[in-house]
Every structure is written in C-alpha cells, then in structure tokens.
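Going by the order they are written in, the chains are A, B, C, D, E and F; count residues from 1 in each one.
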Amino acid sequence: MSADRLYAYVGAVLVALALYAFLVHTHVLRRLLAFNVMGGGTFLILVGLAQDGRGPDPVPQALVLTGIVVAVSATALAIILLRRWFATSQTTSLPEDGSS
Amino acid sequence: MIHLAFDGLLGLVLVATAAGAMFSRDLFRGVVLFVVFGLLMALAWTRLQAPDLALAEAAIGAGLTGALLLDAIGHLRRRRRSEPDDSSVSPDTSA
Amino acid sequence: MMSELLVLLAVAWPLTLAATVALRRSISATPAWSWVVCLAPIPALVAAIGVPDAVSVELPWLLLGSRWEIDSTRRALLIAAALVWLLAGWQMRARFTHDTHRTSLQIGWLLALTGNFGVMLVHDVAGLYAFFALMSFSAYPLVVLSRSAKALAAGRVYLAMTVLGEVLILSGLLIASRGLTSPQLADLSITLGDSPYAAYASLCLWTGFGVKTAVVGLHMWLPGAYTHAPPPVSAVLGGAMINAGVLGLLVTLPLGAMSFTKLGTVMIGAGLLGAFGAAVVGVTQRSSATVLGYSSISQMGLLMIPLGAALHTPSIAPAAIAAITLFAVHHGLVKASFFLGVDVARQSNAVSRRLVLVLLLLVGASLAGAPLTSGAAAKLATKYALADVATTWPWLINALSLAAAGTTVLVLRAVWCLSKEPTNPEAAEAGVEWPAGWLLSLVLVLTGVWWLPLPEVARAWPGASAGDAVSLLWPIALGVALAGAAMWASTQRLLPRWQVPVGDVLAPLSVLGSGMHAMVLRVAQIAESFMPGGAAQGNQPGSPRTGVVIAQTWRDIRSRLRVDQPGKADATLRSVAPIVFAALIIVVLILL
Amino acid sequence: MKRRYRHLSAGAVSVALGAALWHVVRVRPTPSVSVASLVADALPASGVSHNVTAVLLNFRSYDTLLEVAVLLAAAVVALALRDEPSARSPAHVMYVALDAFVWRLAPLLVLVAAYLLWAGSTRPGGAFQAGSVLAGAAVLLRLSGLKVTAVDHRLASRGAMTFGLVMFLCVAIGTLLAGQALLEYPAKWAGALILLIEAALTISIGVVLYSLFDNAPQARVSDRESERQRER
Amino acid sequence: MNTFATGSGWWLPLAVLGSSLVPALVIMLLSEQRQRTRTALNLSAALIKLSLVAYMTWSVARGNSYELRFGMLPGVDFVLRADAMAMLFAGLSAVLWLFTTIYAIGYLEGSPNRSRFFGFFSLCVASTMGIALAGNLVTFLVFYELLTLSTYPLVVHRGTPKALKAGRTYLRYTIGGGAVLLTGVALLSMIAGDVSFADTGALVNLIAQDSALLRVAFWLLIAGLGVKAALVPLHGWLPVAMVAPAPVSALLHAVAVVKAGAFGIVRVVYNVYGVETAQLLGLLFPLAVLASTTIVWGSMRALFQTEIKKRLAYSTVSQVSYIALGIALFGPWGTIGGLAHLLHQGLMKITLFFCAGNYAETLGIHDIDELDGAGRRMPATSVAFTIGAFGMIGVPPLAGFVSKWYLGLGALEAGMPWVLGVLVLSSLLNAAYFLPIVHRLWFRPQAGPWPDERSFGKHETSRWLLMPAVATAVFTVGAGVLANLPYSPLRWAMLVSVRVYTQ
Amino acid sequence: MSAQSLLPWMLMVPLSWATLMVLLAQQRDAITRVVNVVGALVLVGLSVALYAGVAQEGLAVHALGGWSAPLGIALRADGLAATLVVLTAVVSSACGLYAMTSERAARTNGKSAPRYFWPLFWLLITALNGIWLAGDLFNLYVGLELLGLSAVGLVALGGSEASLSSALRYLMAALLGSLAYLLGVALMYAAYGTLALPELAELITREPMTQLAIALMTVGLCLKTALFPLHGWLPPAHGVALTPVSAMLSALVVKGSFYILFRLWFEVAPDVVTPLAAQGLGILGAGAVLWGGWQALRESSLKMLVAHSTVAQLGYLFIFFPLAVGTGATAAALATQGMLLHVVAHALAKSAMFLASGTLIASVGRGGVADLAGVGRHMPMSLFAFGLAGVSLMGLPPSGGFNAKWLLLQSALASGQWFWLLVLLGGGLLTAGYVFRVFRESFLESPDDAGQFTKTPRAYDLFALTLAAMSVALGLASRAPLRFMTNGLAVMAGVQ
C-alpha cells in the first residue's frame, strides 16, 4: 500500500468521524471544528487517491489549496456570525424552531 | 517500510487528534488539539509530496483558523452563561 | 284582411288594455275606463260572429309557429265565452272602479279573458298551452279578490291545482307531440295514432284539462274558489273558463281517430261519480255559491260521459263533439247567469230579492233540462249521441236522466241557501244598480238556444218526441220531490246538520300532505347532512346527527297527522304542500 | 431518548459513510486520463515553472478568481457585521507575555511572506501562503495587544481588500479585450502577469484574512457590564 | 400547429377577449374616485364586445368561423375559435354582461373598493368569453380556472367574515373541481393528444382500444365541471356564495360560473367525445340520472329556503341541470332543449337576481316573508320578478317553456319517458317555491315598514337597477313569444344541434 | 459578439460590479444607484445577447485561459444555461431595483439601509452565472461556495437577531452540503482523472466509486436545495432575510444546486443513477410538497409562509426524477420539460411573491398573516401581484406553473405512475390553501379603518407585478422557451 492510499484511508476515517461530530454537536464552534476536520479528511482523500500509484499531481493539490482558502473563509464567516449571534442571544447553539 | 510505518503512525495520530479536537469536553482543549491537528496535516501534506499544501495548511489551517477559533473561544467563554450542553437537541441543519 | 285583423284583435285588444292598466295604474279608477274593461270582449264577439270559417291567421314567428282560426266548435264556445265575459263584466263594473284591488282585478280580468279567447282561437299546440296557462294563472287575482283568509286559502288550492293541471297538460301535449314536426293541433291525433304512449297522452290531457273541468278527484279547488270569489268571477270561471277546458279536451284528445276502451270507461265512470257524488255533497252545503260549484262539478261529470263514450267508440265522436259543445255553451251561459243572479240577489233588499230568486228558478229549470230550454237541447243531443253506445251500457241514458234529479235538488238547494243568506247591508241600502248584465243574461239563457250559432243538434228540439219530454221531466219532478222531502225532514230536525267540508277530499289531503311536508323536510335534512359541505349550508344551525333527525321526523309526522297547526315555516308553502303531494300521487299513477 | 436517537442515527450515517469510503478507496479504479501529465506538458507555456502555481494561476485560474471572490464575500460580510466604533471595546490584551516575542517575529514574518510570494513561481509557495503568513503576522500583533490598523470601512481598507481582485479582474478583462480567452495570458507576459496578480493577491489575502479576525464582533460594553453584575 | 393561424378575422376572438381584458386591467389601475371614467369604460367595453359578438354571430350563422391558434405547450395549442356553439355562450355573456354592468354600476354606487370590483368583474367576463371561445380542452381549462380566480374577489367583495367564509367554501369546491378537471383533461390528452373541439366529437376512433380510460376521463371531466355546474352533490358552494353582492350573484348564477360548468359539459359531450360516441360508451344515461337527481334535489331544497337569494340559488342548482339533462338526452330535440335552456335560464335567472337585488337595495328586504306587498311599492321590479318566476316554472309563452318543451320532446325521443316525470315534478316544485313569492308580492298587504327603505324620488328604485331587470324580463318574454324568429335562442340552439349529429 | 466570447462577460460583469461596489460602499446614494442600474442593464443586455447567440449558434464553449479541458476549465452555455442566465439577470435586476427603492425609502425615513448589500448582491449573481455556465465539477464547487457564502451574508444583513441565527443555520447546512459535494468530486477525480463534465460524461461507468460519488454529491446538493427532510434551514433563512434577498434566494439560489444535480444525473452520469434512487428522491419530493404545503398552511408569518411554499415547490422539482429515470423517452422528455419550466416559472413567481409580501409587510408594519386584515383595500396592486404569483404557484392556468404541472402530469400518466399525479394535485390544492389564506385575511374589512397603513413606493408593485406577469405569460407561450431550454439535453435525445 502506498502512502497516498494510506492517507486516503485516514481521510475516510476522518470524514466519518467528523460527520458524526458534526451531526451530534450543537455548539457551533464544535461543528466548525468538525467541519474543518471533515474538510481535511476530504482533502486527504482527494490528493491521496489522485496521487495513489501515479506520483504527485499538481491539479488536486491546487484544488485543495483553493479548498483550504474557501474553508477558512467559511470558518471565519461562521465565527463572525456566531459571535454576533452570541452577543444578542447569549447562546452558542442554534435555536430550535418548529419547522424541521 | 519505515516511511510506511511513519505514515501509519501519523495517520493514527491524525485521527486521534481529530477525535480529541472534536470530542474533548473542554472546547479550548479541543481547539488546541485542532491546531495540533492542523500541524500534523501539514506534515501529512509533505508526506504526500505537496509542500504547497503543507505551507498553506500550516499557515491557514492551523495558524489562522486556530487563531480565529481561539479568539472566538475566549470571547464566548468569557461571556458564557450556562453553556447549553448537547442534551438540548437542536436539529439545526436538519442533518 | 279585415277578418284576420279581427281575429288578432280579439286577443290583442284585451292584452293591450291589460298593458295599459299595468303601465298607468291611475287610469283604473276612472269610471269611463271601467266601461272599456267591461267591453273588452267586443272584438272577440264580433270576430266570433263575423269571421268566416275559412279565415286562418298564420303567425310563424309566434312561439313555435302559430295559427289562429275559427271553426264551428270554437265559434260556439267563443261566442258563449265572449257573452259571459261581457255580461259578467257589466256586472263587475262597480267593482272595477271601486274595489281596493282594482288594478290587479282589472289586469287579472283582462288577461284571463285574453287567455280564454286565445284558447278558443289558436290551432297550435304551444299557443293553446300558452293561452290556457295565461287564463288559468290570471284568474287567480280574481279568485282572491276579497283577500279574505278563506279566499286566499281557496286561491292557493286553485293555484296549486292549476299548476298541476298545467304540468299534466304539458306532459300530455309532449307525449302527443312526440316526433311531431308541425306544431298544429290538427296533426296531434295523427302522430298520436302510431305512438306507443297514446293512452298516456290522452290520460294526461284528460286529467290536465280535467283540473279546469273539475273531473272528480281533481275538483277540490272548485267549490272553494266559486264560493269565495265574487259571484261575477264565479260566473266567468264557471261559465267561460271552464269551457276553455272543455275545448282543450275536444281539440287535443284523438276523438274519432282512436279507440281507448279502458280510458273511455274510466272517464264515463268518473263522469258518473262526479255527476252524482257532487250532487250528494253539494246538497249538504250552506252557501249558494258552493252549491252551484258542486253543481258545476256535477254538470261537468255529465259532460264527461259523451266524451268518454267518444273515446271508447270513435264512431260517435262527431255527434258527441256536437253534443258536448252544445252542452258546454248551455252550461256556461246558464251557470254564468245563475251566478250573476246570486250577485244581484246578495245586493238586493228583501223585496227585490224574491223576484231575483224566482227568476233564478227559471234559470235553474234550464240547468235541470226542463223542456224548451237550452238544457233540454243539450241533454237530448247527448242522449242522441250516446245512442250508439247504448248496447254497451244500456243504463247509461237513464243514469243521465237521473242525474237531472240531482241537478234539480242542487238548484233548489242553491236558491234556498241564497234566500237564507244575509244581505249585504251597505249594498242593500244603496239599492241595487240596474242589473242590466244579469237581465241580459237571462234573456240569453232563455232564448239563446234558438238563435246562437250552435251545432245543428241544438235545433233538434222541435222534432223531439214526447218520450223525450217525459224523460226530461220525470227527473225534475223527482228532484223537486226529494228536495221537498228533505226540507220537511230538516224542519223536523230529522236530518243531521252535517256538512261535508268545502272541497271534500281537500281536508284529509291537507293533513296527509302536511305530514308529507314534514317528512320531506326531514329527509332533505338527513340527505343534506351526508352532502359535502352540508353543515355549512343548512338553514338550521349545526347539522344534527342522522339518527336524531330520523327520530324527530317520526315525532313530527305524528304530531302533524293529529292537528294541522300552522308552524313557523312559510304558511303558504305548507298549504301548497298537500297539493304537491296529491300531484305527486297522480304523476306516479300516470307513470305507472 | 431523543438524544440517544440522534446519536444513534448520526453514528449509523457516519459508519455507513466511512465504510463506503473505505470500500471505494480499496477498490478504486485507475483513471485513464492523467491531467498531471497534461500539466507537465503545458508547464513550459504557463509562464511559471512550479506546477501547482501554474495550475492555480494559469490552467485553472478561473477557480482561483472565484476563490478570491469567496474570500471577498466573507470579508464583506465581516465588514458589514463589524461593530460600530462606539460599541467596540478597546483592543484587549490577552497574551501580554507574547509581546516581546511577537514584536520581533512580525518583521520576520513579513519577510517570509515576501519570499513565499516570490518563490511561488518556481517552487512551493505563492500568494495564498504568503498572504496567510502576512495575516498571521497581523493577527499575532493584534493578539499581543499591539495596535494594528483596523480593517474597517475606510476606503483604504476596502481598497486593500479588493486590490488583488481588482488586479486579477484587470488582467482578466484585459485578456478579453485583447481578443483572447478569459485569462489567456500572452506567452511573453505570462510570468509577469502571474507575478503581478500574485503580488496583489498576497496583499489582499493578507488584509482580508486579517480583517476576518479583526472584524469579528466584540462584546458590547454594556453587555459586558451587565454580565459582570450577573457573575457576582 | 405552431404559428398563428392566419385565416382572415383571426383577430376577432382576440378582440372579443381583449374588450374585457384590457378594461379589466385599466380599471384596476384607476383610482377609486374616477367614477365617470370607470363607468364610461365599463359601458363602452360592454357595447364594443356586444357589437363584436353580434357581428361574429351573424357571420358564423352564415357558415364562417374564426380561429386563433398558437403553441402554448409542447403538444398543446392555445386555440380560440368562434363556432356556432361558442357564439351561443358568447352571445349570452355579451348581452347579459351589458345589463349586469349597468346594474352593478347602480348597485355599488358609493360603496368602497369599486375599482377592484369592476376590475375583477371585467376579468370574470373575459374568462367567460374565453370559455365560450376556447377551441380545445386545455384552452377551456385555462379560462375555466381563470374564472375561478376572478370570481373569488367578487364573492368575498364585502370583506365580512361571512363573505370570507363563503369565499373559502367557494374555493374549496372550485379549486378541488379544477384539480379533478385538470386530471381529466390530462388523462384525455394522454389518450387522444391535444383534443380540439369538433362538431361531432373527436374521439370516435379511440373507442375500440381505450373505452375504459375514456369513461374514466369522462367522469373526471364531468366531476370537475359539475362543481361549477352545481351538480348534486357538488353544489354546496352555490347557496353559500349568496353573500356576494347581487350583481355578482347574477353573474355567478346566470352568466359566468354555473354556465361555464354547464357549457363545459356541453363541450365535453358534443365537441370532445361527440354525442354519438358518448352514447356508444353508455355515458349519457348516467349523466341524465345525475342531472335529474340534481333537478329534483335542488328544487326540494329551494322549497325550504326562507331567504330570497338562497331560494334562487337552489333554484339555480336545479335549473342549470336542465342543460346537462338536455345534453344527456340523445337526439336533436334534447340538444335543442338543453342549449336553449343555457340561454333561457341565463335570462330568467339574471332577472330574478336583479329583482332580488332591487328589493334588498331599495327596501332592505332579504327574506321572503318580508316581501309582502312589495308589488305595490315596486311594481316594475315585481313584474319582472313575476315574469322570471313564471318563466322558471315553464309557463308559456315565456322562455322557460320553450326549453322545457324541447327537453320533454327530447326525453321521449331518447326513450327516457321517466325524464318527463322529472320535468313535471320539477315544474311542480318550481311552482311551489316561486308562486308563494309572487303571491306575497301582489296579494298580501304590506306587513309593516320596510326593513331599510331608500327613496328614489318618484321612481320605485334607481334607474340603473331597474332598467336591466326590466330589459332581461322583456328578453325572457321575447325569447319565448318570438322563439321562432331567426337568431332567437331557440333557433340558434337548433342551428347548433344540426351540426353535432353526424346525420 | 458571438455567444462564445460573451460567456466570460457573464461572470466578469457581476464580479467587477461586486468589486466596484465594495469600493463604492460608502459613497453617496446617487452614484451607487447609477452604477447599479447601469450594471443591471448591462447584465440583462448581455444575457439576452447570450441567449440570442446560443439560440443562433447552439452550444457555446469558452475555454478559459486558452486551455481546453481537461487541463483547463471551460465555460459552457447550452439553451438551458442561457435561459437560466437570462432568468438570473431578470429576476435579480428586479430584486435589485426593488432593493434600491427600499434603500431610498429607508433613507428618506431616516433609517439606515444595510451596508455592503450590493457587493454581496453582485457576488451572488456571479456565483449563479458561474454555476449555470460551469463545465467543471470543481469549478462548480467553488461556485457553490461563493453562492452559499454570499447568500448567507445577504441573509445575515437582515439585521435582526433571527437573521443571524438563520444565516448561521444556513451556513452550516451549506458547508455540510458543499463538503459532501466536494467529497464526491474527490472521488470522481480519483476515478476518472478529470473534472470536466463532457469528458466525465464519456468516461463514466457504473462502479462503486462512481456511485458513491454521485450519491454524496446528490445528498450534498439536496441539502443545499433544501429537499425534505433536509429543508429545515430554508424557511428561517428565506423568511427573515431582506425582501429582495428572500426573493433571490428562493427564486435562484436553491435552483443553483438543483441545476447541478440535474446536470449530474442526466448529463454526466445517466447510466449510473438508478430508478430506485430516483424513486427515493421523488418520494422525498412528494414529502416536501405535502409537508411544505402543510407548514405553509399553518404558518403565521407571511414571509415564512412564502418560504415554506418554496420548500413545497422545490418538491415538485424532485418529482421529476422518478418520472425521468427509468421511464420511456416520452415520459422522460415530458418530465424534463415540466421540471425546467417549473424552475423558471417558480423563480419568477416566487420572487414576485416575496416582493409583494415584502411590500405588504412594509405597508402593514407587521409580518403576520393575520395582520393583513384590511390591506386589500389599501394595497390592491401588491395583493394582485401576490395573487398572480400565486396562480403560477398553484399551477392554475394560464401560467408557467400550470404548464409545468401539466407536463409533469402528462409524464406521470405516460409512465403509468399514478401516484405522482395525486401528489401534484394535492400539492396544488395545498398551495391554493395557503395562497388564499393570505387573501382571506387581506380582504377582511377591518372595522378600525385606515391610518395604520404606511404608504409604500409604487415602484415596489411594478417589480413584483412584472415578475408575476412574466410567470403568468410564460403559461401562454412556453413552447419556444422550452424547446430552446431542452435543446441538446441528453435526456431529450429519445424524442427530439
């Protein structure tokens, strides 16, 4: 087994784990952590699988780079929203409404 | 072989830190673990021959995200009233 | 051209007058106008006398295509009708001007008159039906002229039965016209010839027009209406409009074309039942007008006999038609004269009243068929016409004669009642106006048979045998004897002072119908509760459960069967309901 | 009860996903197309010698353009949700001990950033890394309580935030106006243009990332006081 | 199939539609105060439409027809076509619209929301015109639903909770019916494609293979149309919708809504299935039973109503089914009767509603027992009402008689003599619930002061209110008395009936 | 210009305007307004030009950077994409103008309008156009993210506490959805080594990895399209946002992810998807139709009602799947036409409805459905626009909504799937229920008269009416647009 494939496996585990975390947590920060871990796992799968047995591939790497930036933007945005929300509601979880 | 062992170990640690980051009771500890996770990811990227990603992960994933989260945590923790623990189920994203 | 115009004018003129009153109500109060109304039948009279047989007016744009024409039957009936309307109108003149409800009286009068003449002129199906309806419905304001509770009640029954008659006629005409391409009456019996429903058509037509001619079973409206309407109105009802019904029968039934043994027999039976039954019920009545009403039922029963016989045996149809025409004209004039006399008597003081009563006896004699009267002519003509069926029903002619005894009793009873009736004090004090109309009618009744353009059989009298005279006289004698006996018995208080309610079968029907009404109401409620959105639309707040409703219904019906008390519901509706019910039964019978 | 249900279902979904992923990683097919070789072939014409940078700023520059737009979107929202000056608490001092260290580190980080940017065209490194290092330096300074220029509503701030995108757009539209495909650099200018874009992006990314940090809403003064009272 | 059909005069149907659609939009935009403009617009639109329709009718009688067609959906065309059948309904609507407009102008004087009212009013008529001129089922459906929508604001116009509740009921029925109709149309389209209305039907070729589906589609269509045509048991909305202003009731009952349903049934039977196909499929007999049930049921219910408008409403339930009945009687006489009744009932019922509105507006009378003696106070109105009532009963020589006559002939011709019984029963019931009203009008003394009297000087009521009632009453008489004149409703119905039978 | 050369401008223009708007954010009103109006005009003009170009030339492909796929990224515009570009331009222009009017109204009333609305607005358009025209899986991901973040930002601009929580909730859903999608992209790249859609379509085969990739992408996109039961984020987000934002979100944004899903299922991987999965999606869609309708019926706030309506209407889009997968060519073609028409008609109608609702709320001052009593008399035009939009949503003729439903019905009949027929009809009835609920309240003549209604700019109604009228007009002439939209789609291949 190549290292690439191994990291892909790691990515798979990370994704599953993070998904669980994302689903069970209500604290927004914890969810963001889960999101970032999931993102990491996804990136590992992307690069790992693409490079598996074929050597380095700049394309997935570039994609991941983009993905990282997007992830940080999203995380920052979420944190900003959370802090604003927290300032008015004093809670870190989202309110339950009857709609779902 | 040694590389593979290292990779395996790194993989395990990655998973462990990630789990710790996500499931630690203390959020602050979780964020710190997340920063560690980010650094380990950077390491993983180097193992995957992706130095660009390693750099980016270190700077952005671990550094910046960590800083953002830490700042937020400080902010939230100072202000926390009674943190509703996970028993208050919120369906949010309906996921 | 002139003739055509006259024919049209006979109908158009009164119609125009009616429209004039409707548009300018103020005109109705002027005395001069009452003359105009009174003389409205003149064009019809002129047309009836002056227009030759061949004249026919085609009006293809009217209704489903209309044709107007005068033939001999129609001429006789039209003349009689026009005369009756004219004389009765004369008698009504004061009412035309002074009655509280003069507008509706005048309009009703003129429209009924229009309809009556129209019926006697048209030759097409739709026209006949239309004019007949116009006449029937327009007579309603005349019946309820006094607006008294009883008059209104009688009016309701009249109206309900009229509606029933209308739909029966419609059904009959429809069945008869099945597949008919031409709307002419003359073709009706031709199409009927090959129709599987011919008997039904005839039955419907008979019962339909039979409402107007008070066929037994459908007669319940008549006594009440005659009683509570002003006598001149009763005169036109019983003298002119009734003949529209007779004409309707004559022109729509396939007389001479087909043989309906069953129906003919039924008609004869009904006629006999009417003739005798009405006499029996009639003598128990206390109002002269009621008695006269029953007399009309009785007379019409007699008239049904040749009609039924003609349906039974087509060969006698021409003679029967002539006899019926004669009979109708006679009866119309006599009955009208009688009613006008009643009117005069009621308005007279005690002295002049006796004179009136005597004169009325004279009229009564004609009604009973005393020799040398129109009644005798009519009766003889009937007997001649029935000669051919004597083999089937040998007793029929004797029965006819016997009926005259009943008539005599009724006449005497009517005069007796009239003599006992209180005078109208105001009218009596004012002194009766010169009753020109009535006197003219007397003249007409006593002499008309000699010069009116009647069927040939009317002139059969001079050639009548002595046997005929006897057959005419013995029933009268019998009647007088019966009446005398009854009078004696009543002075000895041997007879129960018992009176059949006016309209006889009406009372039990009302009770029954009221129950039906309740039931229908409840059934409707129950059904509605099953309908989607039912709860939202019911009158009652909330929609009770079905079981509750059924229980209520039962209680309701029981209580109504006991006493017919007015409830909260629309009273008019309630009193119409029994008639609707009766109608339903008849319809069902017909359909079976 | 409900919680347990939630955990169970989440667990089931996650395990299923994990297993499925594991499976497909195990049985993965080998792709017939290799873009990597295409990149290698086209690298000489890209204007840069580092393949990742070539992909990012030439072959798939459109992705990068949109990515910068994503960044801008986040920054704009942050800016929009920025506290009003009156509501902002003074920069709080948390990690005083870092102060001296940071003060020395910051210039170094700027240097590193410059290097990364410059290196990007030939070896690992580039605008994103450089920008984030810049931002990291600013964040560090901020965390240590030093006053760093706020990235607020001023035109200068907004200009700095959009600078990279403006440059990128200028080049993009320039290529269009020149009758080329979008972002199709003229062969001669490719390297220079990429560097230009990268330089501008570095600044912008640095500013934007810092602004995301800087613009995070602060506790309101009044809130905080009431909070204190409640704590007592 | 795709492009505008460019036969000459293709713009005529469009113009007819536009003559109320455009005013509708303009009126809605007008401010509430522009009463004169609005009135002028309303009346001129009605007159323009009337003349257009008159011209088209004249031309169609001479064998022409106008068609406008363009692609609306893949496989479905939008078709407006003026054929004889269309003109039957269009003519009625055009004539009655004029009167209703006049009436509505008088009726709503001084009340709020008039722009909205007249806007939707015109829209309603535009939909009705569309229904009349629709050349295929989908186009029909389009306008059918549009009618639902444009009448809703009219039904709830008063804005009272009661009106809104009625509106809700109305919608429940009509939208539900619309859905069923849609299903039917969709099903039929699947079987037969885009079905254009044809004189003798369009489905005869499909009987062999799809008869079961055709039957299902037929009943779906009838159920959908039956809601508007108020076939029992789908009639519940009609009496409730009586809370609407009188001109709306007049419109609902005489011109637009119920007629749309009835006309739809006509179209389905004659121009979609073809009357002979329908007969072959055995669809007509159940339809006749359904219609008969409705006739009797509606009359029964009418008997027990104490409100004038409610009684009239149930009477409508009953009377409209005469149309369906006539259609269900296989044979030209039934057709003539049914189609003629489509027009006649409109004339008569609109007269009655106008009069009911007059009583309500002038004297404040809503209940039947308040009518005592109203004939003396409002003779012209009462005469009109009497004519209408007698017409409904079927008394000659009024319009109702003519249709009843042909229905009766049709029943016998179709070998369904029991229908005659239904007609008789219905006539009796009609008389039973109308004659008491007439009696009260004329023969009862006034019981007390009128509930809410308004004075109109020496006139009995506003001329705007009186004129239409009298005019339609005159038409009612005319349609009966002059039934045999060319262009009379009867003659037009005959013209149509000639075309729907193959031999 | 040819369609091909127009393509990049569809992105460059909104992106430039977004940048410009960041720079102009603090400028005077008038300048912003002029720039925005010019931008809207340019956008509409270019979109129409693109439409015309595609209509003339057929599929337009623009290889970005001169590098053809799979190395580079291509922009592609077929009829469908071009139509959606025009739709975006039209709807967003109307919403933008509405926003501009309301900004002005707010300023004159001394209230402040949200800052930085315009950059996000233009970024949203950029993202939308990026998605419509994308020819690359990863590019679509970036587009989705841009779409999500700018939409979240716009929601957050609502300013209320609820808008923050809704935005956050929306963001969470969007992130999870994007990640699922990205995971799918990763697997696809791993399996085929390319991300370009046309190449993928040729290479793709049915194997576990592909199936998982499609499944993941589908789940992610469904989450972003708020398919029941993953719809919980949508009503609050669409319900609390600024009116023009709600309009754009419901009209366009949710369609973005759905569009990708459609392309994926029917252009990229038609052989991978199974009828069973399609049935599953259809059932969820049916659930959405019924549940969303039911919720809307019970909803007490007007905008939330409309938002729930969006959930329900999106359900119709998913009913398309079981009608088009595994059924005959005719049924599939009909379903595709119906679905596409529904996308367009719903976009127009829903945006109109939101704009009208916003106007009503602005006039009443409160957002409850019950607060509308008496508004009928004062705001007839808004209500009319609401009604017109409602017509289309209810699927009553004549309207685009009706035509769409008709086609879906026909497809259900043609494929013998009666069940969907009931859902379609039931959904229509529910829609009628909640639309007329609004009318019922509005027509109520309240005893306390007038005075309590604020006057709103008349232009509001103009925009809402225009959109609603377009939605209705679409019903009279949908054949040509449909033919254009479906031209070249693989799913239509069996028919055209």
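In the analysis below, contacts are C-beta pairs under 8 Å (C-beta built on N, C-alpha and C of every residue); 3 or more make two chains touch, one makes a residue touch a chain.
This structure is a prediction, so every number in the text was calculated from the model and none was measured.
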Touch-network distance, chain C to chain E, counted in steps: 1
Query: With chain F set aside and the rest fixed in place, how do the remaining chains group by touching?
result: A, B, D | C, E
Task: Spell out the chains that contact chain C while also contacting chain D.
output: none
Query: Among the chains, which is located farthest from chain F on the basis of C-alpha centroids?
result: C
Chain whose Cα centroid lies nearest the overall Cα centroid: E
Centroid-based (C-alpha) most distant chain relative to chain A: C
Field: Euclidean distance of C-alpha centroids - chain A vs chain D, Å
entry: 16
Statement: Chain-centre distance (mean CA atoms) for chain D and chain F, in whole Å, is 29
Query: How many Å are there between the centre of chain B and the centre of chain C, using C-alpha atoms for each centre?
result: 109
- line: Cα centre of chain A to Cα centre of chain C, whole Å, reads 102
Query: Among the residues of chain C, which ones contact at least 2 other chains?
result: none
Residues of chain A whose C-beta touches two or more other chains: 9, 13, 15, 17, 22-24, 43, 45, 49, 52, 55-56, 59, 61, 63, 65-66, 68-70, 72-74, 76-77, 79, 81-84, 87, 94-95, 100
Message: At least two partner chains per residue is the criterion; list those residues in chain B.
response: 50, 52, 56, 60, 64, 68, 71-72, 75, 79, 81, 86, 89, 91-92, 94-95
- request: Give every residue of chain E touching chain F within the complex, in rising order.
  value: 2, 28-29, 70-76, 78, 112-113, 115-116, 138, 141-143, 145-146, 148-149, 152-153, 156-161, 163-164, 167-168, 171, 175-176, 178-179, 182-183, 186-187, 189-190
Message: Taking the touch rule as given, give the residues of chain D at its contact with chain A in the complex, in rising order.
response: 6-7, 9-11, 13-15, 17-19, 21-22, 25, 28, 30, 34-36, 39, 51-52, 54-56, 59-60, 63-64, 67, 70-71, 73-74, 77-78, 81, 128, 132, 205, 209, 212-213, 215-220, 223
Statement: Residue positions on chain D within touch of chain F in the complex are 20-21, 23-24, 27-29, 31-35, 38-39, 42, 58-63, 65-67, 69-70, 72-74, 76-77, 79-81, 153, 155, 158-159, 161-162, 165-166, 169, 172-173, 176, 180-185
- request: Using the touch definition up top, name the residues of chain A that touch chain D in the complex.
  value: 5, 8-9, 11-13, 15-17, 19-20, 23-24, 45, 49, 52-59, 61-63, 65-66, 68-70, 72-74, 76-77, 79-81, 83-84, 87
- line: Per the touch rule above, chain F residues touching chain A in the complex are 138, 141-142, 145, 148-149, 152-153, 156, 161, 164-165, 167-169, 171-172, 175-176, 179, 182-183, 185-187, 189-190, 193, 229, 231-233, 235-236, 295, 304, 308
